[in-house]
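All chains are identified by letter, namely A, B, C and D, in their written order; residue positions are counted from 1 within each chain.
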Amino acid sequence: MNHITILMYCTDQKGIIAAVTNFMHHKEGNITYIDQYVDRPNGAFFMRIESDFIGNSFDLEKFKKSFNDEIGNRFSLNCNFYLKSQKPKMAVFVSKYDHCLYDILAKQQSGELTAEIPFILSNHSDLEIIANRFEIPFYHVPVSKETKANAENMQLNLLKKHEVDFIVLARYMQIVSSKLIDEYSQKIINIHHSFLPAFPGAKPYHSAFDRGVKIIGATSHYVTEELDAGPIIEQDISRVSHLNSIADFIEKGRDLERIVLLRALKLHVNRKVMVYGNKTVVFS
Amino acid sequence: MNHITILMYCTDQKGIIAAVTNFMHHKEGNITYIDQYVDRPNGAFFMRIESDFIGNSFDLEKFKKSFNDEIGNRFSLNCNFYLKSQKPKMAVFVSKYDHCLYDILAKQQSGELTAEIPFILSNHSDLEIIANRFEIPFYHVPVSKETKANAENMQLNLLKKHEVDFIVLARYMQIVSSKLIDEYSQKIINIHHSFLPAFPGAKPYHSAFDRGVKIIGATSHYVTEELDAGPIIEQDISRVSHLNSIADFIEKGRDLERIVLLRALKLHVNRKVMVYGNKTVVFS
Amino acid sequence: MNHITILMYCTDQKGIIAAVTNFMHHKEGNITYIDQYVDRPNGAFFMRIESDFIGNSFDLEKFKKSFNDEIGNRFSLNCNFYLKSQKPKMAVFVSKYDHCLYDILAKQQSGELTAEIPFILSNHSDLEIIANRFEIPFYHVPVSKETKANAENMQLNLLKKHEVDFIVLARYMQIVSSKLIDEYSQKIINIHHSFLPAFPGAKPYHSAFDRGVKIIGATSHYVTEELDAGPIIEQDISRVSHLNSIADFIEKGRDLERIVLLRALKLHVNRKVMVYGNKTVVFS
Amino acid sequence: MNHITILMYCTDQKGIIAAVTNFMHHKEGNITYIDQYVDRPNGAFFMRIESDFIGNSFDLEKFKKSFNDEIGNRFSLNCNFYLKSQKPKMAVFVSKYDHCLYDILAKQQSGELTAEIPFILSNHSDLEIIANRFEIPFYHVPVSKETKANAENMQLNLLKKHEVDFIVLARYMQIVSSKLIDEYSQKIINIHHSFLPAFPGAKPYHSAFDRGVKIIGATSHYVTEELDAGPIIEQDISRVSHLNSIADFIEKGRDLERIVLLRALKLHVNRKVMVYGNKTVVFS
């Protein structure tokens, strides 16, 4: 049996849902999920569909061609097709903090996060021990002013060599290069330790503490050229009070960061996120 | 019986708690609440104490003098004394939105918000009907470029005439004058319809929508010269998704605004908030 | 222009979505909302659709007949059709607590809750003053062992006379009669002041306090024969601690109750809830 | 330098706070934390105090004797004294689920959870691989009807041999024996995968699903004879909807369980919890 997920968007038009569902039935696909969203002010239509195809005769390339010929061209659809049997390959970039990394590895191991992890990359060697524990290749790629260009090349080579589908910055404390962002557009997921757009940039917990906020947050988003300004996938918050020191903010924040990042990764891996302008459509 | 609340702060020193509690016992006060907070990095001490005094012989002025002589001067304490029997007088400033106003009036009427409301003031006349329903004086003080100075004077006169203790801006859509802020320092409570410091100023729901956030917020704070930058009393949030329009943000936000504002008002009225730098200490 | 909402459910079958959307297009309806849910284990299909019909020629009865002939019978659909222009009529039952009542009246008045309120009914006369303020008819129908049967008849007569569509029990402290429940099946909405199924029945805050919970809740549900066991529409919670007395639980709970009840009422009034077994499908 | 924490409770009496703080000052202790709570209806007083003692001359046994002589006896105080330098020893009991175990080990390793873990014990061997990864002794103690008594003895022997201070049941799927509960009274911490007191016992997610709740929860509590009825330390919740299957409940629940359990463990390890009747006082 084959299970496919299709994400599509186009200008809102009459008859799309009927056309797509009719097509799936005609192809003997058993629709197991269908959801759509219309952004009326902008006249944009988004749809996510999951379907089972019984038997071994299913051929994705043929199906795509047929879908595009009959539906895609007619409605000027933008489509992405994903086979459930093909797990996405996720590179994990870290620095020295281990809390997000532990969560990613534990969830991946338990099967809750259905991605392969070809390697972990860090600008420090501190977390190599964790990579070893989980038997995942670890690359130490230090970044300094002088080595920056070289480091970028090493990163790009590793990503290509391992055929990486997307990158997670699991508290990676370096600005990612424009070249990387270009090549992995909408494919780099970051966790920022504040409730964006409040407190972008460095030391958000310190800024939150100084401002005297009563709630702190964390935000997972796709990385774009502008720092901490990319499309938001998921956010969550935690209460703080005057009793909490900066150290408390950081500790409470760690739990937020890992929970929010993992939620975002699961949504991405399960093909539930569509980027749209600088926003996301997140299907349930 | 008399019930008093004392809020005090000073430089952190050994022996303050013992001295204060010893003093209260000596005066035959029955301490019903005591809480303290020490900001260690800044060496500041904060304390809130509630005490009952049986009988009719209690004299607040005498007590204050005695307290200051024996404790206040020794520790260079800054103190405020409040008698429970004296409800604070709260002026309510509104514009056209009624959701916060309804909550304030309902909670005041049910006795949950222990304040007197000498009057409601608005730059519009729309909400006069609600004031009438609850039989509270309503003053319509329009504000335009030309009448601004005059309006300020009318406001100040009304506040003085009614011996107002503090002001709540219940979605009052005008910038309050510097003079008012000066005269009612730490005594003007605003509700801002965003999760500050994100989206200060006008139209925060529109900005939040444009940014594609997954959570919206509301913030109640004391008003200072800098717009939406005063000490935060309370914040809360609500989830949103791509399915929500700006109208949905505004509707969800209304519930947040009134809940957050009412919590802040109750904390203030119950003498649980101390302003400290640009932050608040909020006792439980 | 006419705006209609259709709620439908049936056994899950291929082709329903296509058939319904095709039908709507054929009738020149402009679909503004479509969402569906499939309960796979039970093979049940649910759908909610909103559509605009331009012009004045739209005739609901004709449309229903045509829909049932072409779609309903074919798929054995259970359907309900609602015209946006026909606001549902909601009777409000209360006892002595005013917090939910105030919220209902304020939200109805501001247009946020699109229902008509033909009358408020209470077994006490305390809240008549609020009904008067909002100029809504108030019926005092006391309930005692002796008058119970009589009171039920009065209630039923009032409900029929006013052509009431559904009833909200806004902290109405009486058990509603079986006859009423039968006649208004899935049309009586209650707010229970606990996180059901914890603490059903009387005095849930006292039970929660005795159990030492760290979180309290409120639950809005449709009333069925079994006490506090009907289909849940909405729930929410609030944190408590050892510092909170029973009085604090009750006060915090009041805010929960009114927020949760109002959310449930809005969902019901906006035709977003379908009852299914002892559960609800709540469309977004 | 020595850092001690004292937890104490007694009948509420005048002068306790003054007496304790005076004593600490007299002993040249630098109080870094002080908080107290009075349960007025029951006339019970609770206090938590942390204090630094400069220099090497501090002797805990001497201090305790002196404290008890001067303060403890006078007020009939129940006291517990803890040296920060002595980390508590925590045994971890698991079955097959790894999510809580991973979190415990990661947090312990990062220093966030200041406990020693002398061993992990399981009635299954599945998680031995994780214990090995983190280089912690693992004991496989199977439990069946026949081996139950024997297994209990093995457990008790291991606990004594390793001088275990408290036990965490990190999704340990066996009923703990009365003997163990007796010997480790208020020293066994469980995580139950529901919002207690709703859904005690087995399969709470299934029960929650069947009831159609809109919110699920997790509860960490001390284990007592009555199943899932011991003093609650911490609870939290997560929203669910009709869209979520039982599998979704379980997956969402996993995150709740580990977060709630870790919070409870940190509170316990940091000596912030006092058990009182069947409730807890949790200091901030």
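What to note about this one:
In the analysis below, a residue touches a chain if its C-beta (ideal position, glycine included) is under 8 Å from a C-beta of that chain, and two chains touch if they have at least 3 such contacts.
Just so we're clear, the structure is a prediction, and the values are computed from it rather than from any experiment.
On a Cα centroid basis, the chain most remote from chain D in this structure is C. Looking at which positions face the partner, chain A and chain D present mostly the same ones, since more than half of the interface numbers are shared.
Note: centroid distance chain A to chain C, computed from Cα atoms, is 38 Å. In this assembly, the C-alpha centroid of chain B lies 36 Å from the C-alpha centroid of chain C. Between chain A and chain B, the centres computed from C-alpha atoms are 42 Å apart.
Residues of chain D in contact with at least two other chains: 241, 243. Listing the residues of chain B that touch chain C in their complex gives 98-99, 102-103, 106, 109-110, 112, 133-134, 241, 243, 251, 254-255, 259, 262, 284. By the touch criterion stated above, chain A contacts chain C in their complex at residues 14-15, 17-18, 21-22, 25, 32, 34-36, 38, 40. By the touch rule above, chain B contacts chain A in their complex via residues 37, 39, 41, 195-199, 211-215, 217, 231-237, 241-243, 245, 276-282.
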